[in-house]
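Both complexes shown next keep chain A, but they swap its partner, so chain B is in the first and chain C is in the second.
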Partner chain A sequence: MSERAQLLLSLADDELIVGWRDSEWTGIAPTLEEDVAFSSIAQNEIGHARALYELAAVELGSDPDALAFDRAPAEYRCAPLVELHLMDWAHTIARRYLYEEADRVRTTALMQSDDAELAGLAAKIDREEVYHRMHAEMWAARLRDEPRFKAAVEELWPYALGILEPALRPELARLVGLSVDAAQTHERGTHTPELAELLTVMTEVRRSEPGAQW
Partner chain B sequence: MSVFEVFRQERKGQPFAHAGSIVAPDATFADAWAREQYGRRGESVALWLVPRDAIHQVTEWADEFDLKYRRVDGYSIKARLKEARERAGTTPSVAG
Partner chain C sequence: MVATGAVSVAEVWAALEEISDPEIPVISLVDLGVIRAVTVDGTRVRIEFTPTFLGCPALELMRSAMEEKVTALGGEPEVAVIQDDSWSTDRITPAGREKLREAGFAPPAPRAAGPTTLVQLRSKAFRCPYCGSTETRLENIFGPTPCRSIRWCEGCRQPFEQFKTI
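Right after this comes the complex of A and B.
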């Protein structure tokens, strides 16, 4: 697989899986308004995944649905951070915040890419991410002195580093005020047991009628 | 938590109309939440978020002397319009 296809799948898989995990809060978020906002952000992330899978599908001679739903768990290229099943609001906001900051660093780099198609898509995605960052930052500011939130950020930090290639990690550390510790990083390419469980649920309907035109 | 009344503008130049409200801890949260509730389907070009406490409501008017000529329902324009049309010899192109 080309490096470009690998990159596109890493980006798409991160966005799909984080969107899917965040969508688990639909109907059970702490307030109605937050429920709508959080679900909407989750949908946006899945929309970004769709656009990235479309580019990857051209590169691989496949189609976006097949890439999203028909691969084996080991073939997914998402980082372990997005796979974690966190049914706790402090951890969920900590992940949202760390993911958005990492995604900001990554997207900013992609917007400078020589790959015009990818740079253009990154710029388009970034215009929507402005509101995701606003949402994540307002929550992080509100929970900053809450011990459960601080503990969750520290716990997830080694996972957050795994979103980025090593050269971009110091910038993320600067943004969130933490330090890079390479030894602890949960790297992309390894998976948590939660991923296989997620994929079983996510692909359940699609697997029920293989090859169907939906 | 406090209540923010939300007014939305559908197109540039149009008046803002009351759309509903948002319960939020502060203006930052109200901004983020109202965006999603009242704007994510492209139904608004702008929103006004007004703390409910800032609204000064007026509901009562004294009308002790029955000065109904001041009210729009005190003056029937329909009959006078009909008379004027008859005098001018014109009839309306559509009924009413």
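Right after this comes the complex of A and C.
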């Protein structure tokens, strides 16, 4: 697989899986405002995944839906951070905050890529991500001194580093105010058991009627 | 009388003006600024279309509505979805902005000065589409669709939907 296809799938898989995890709060978030926010953020992230899968599908001579739903768990290229099944709000907000900061670093780099197609899409995605960052920024400011939130950020930090290639990690560390520890990082390419469970649920309807036109 | 099958660029634009945004029917696709180009080669009609938000569920509906219009004109449609950075809320036409306001959606602030910030959203720069008051505050960055936020107007004491600037 070309390096470009690998990159596109890494980006698309991160956005699809984090979008799925965010969507799990639809209907059960602690407040109505957050229910709306998480649903909207999830919709955006999955929209970004769709656009990225479309580019990857051209590169691979495949189909965007097949890439999103028909691969084996080991073939996904998402980082472990997005796979985690987080059941409490402190961890959920910590992941949103860390993911958005990492995604900011990555998207900024991609917007300067000499791959015009990917740079253009990254710039379009960035217009929407501005609002996700504001949401994360508001929560991080509100919870900054809460011990549960601080503990969740520290616990998820080695996972957040795995979103980025090593060269971009010091920038993330600077934004978040933590330090890079390569030995502890949960790298892309390894998966948590939660991914296979998520994929089983996510693809259940599609697998029930292979080849159906929805 | 035009020869059977021949379609003009102007006819296509006029037909596209009749297509409403599926989620905000007061505004047409042309006023929304999502049609980037129309080119005609005999009966073949190519429309370049830029999505607003990438996760917008109305994309497929818009595409099929455009195809139907071109087919009705006797043309063979080709709708190309362009996923670059060329669409911004600044592309909404002045007429489109007024139609939004009249329908109770506050039009987006200009993007010229750069991306929106939280400080800006919390400021009083946003005007209520119902009473015109700028005594409004941010209720939720997110709303019923990805393109809208929710604000509260102190003037007429009711919530309203504010188009996001992107």
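Throughout what follows, the second predicted complex is superposed on the first by the 214 of 214 C-alpha atoms of A that agree within 3 Å, B and C clash if a C-alpha of one lies under 4 Å from a C-alpha of the other, contacts with A are read in each partner's own complex, and residues count from 1 in each chain.
Here, contacts are C-beta pairs under 8 Å (C-beta built on N, C-alpha and C of every residue); 3 or more make two chains touch, one makes a residue touch a chain.
Every value quoted in this text rests on a predicted model; they were computed, and no experiment measured them.
Asks: Taking chain A as the common reference for superposition, should the pair chain B and chain C be classed as clashing or as fitting?
Replies: Clash - chain B and chain C, as placed by superposing on chain A, overlap.
Asks: With both complexes superposed on chain A, which partner does A:V130 reach: first (chain B), second (chain C), both or neither?
Replies: Second partner only.
Asks: After lining up the shared chain so the two structures overlap, which partner does A:V36 touch, if you call chain B first and chain C second: first, second, both or neither?
Replies: both
Asks: A:R142 contacts which: chain B (first), chain C (second), both, neither?
Replies: The first partner, chain B, only.
Asks: Can you tell me whether chain B or chain C touches more residues on chain A?
Replies: Looking at chain A, the partner in contact with more of its residues is C.
Asks: Which stretch of chain B would you flag for clashing with chain C, going by 7-15, 61-69 or 79-87?
Replies: Clashes occur only in 7-15.
Asks: Can you list the residues of chain A that touch chain B in one structure and chain C in the other?
Replies: After superposing on chain A, chain A residues 33, 36-37, 40, 131, 134-135, 138 contact both chain B and chain C.
Asks: Note which residues of chain B are touching chain A in the complex, please.
Replies: 22-25, 28-29, 31-33, 35-37, 40
Asks: Going by the contact rule at the top, pick out the chain A residues touching chain C in the complex.
Replies: 33, 36-37, 39-41, 43-48, 50-51, 54-55, 117, 120-121, 123-125, 127-128, 130-131, 134-135, 137-138
Asks: How about chain C: which of its residues touch chain A in the complex?
Replies: 53-57, 83-88, 115-118, 121, 139-146, 150, 164, 166
Asks: Which stretch or stretches of chain A touch chain B in the complex?
Replies: 31-34, 36-37, 40, 131, 134-135, 138, 141-142
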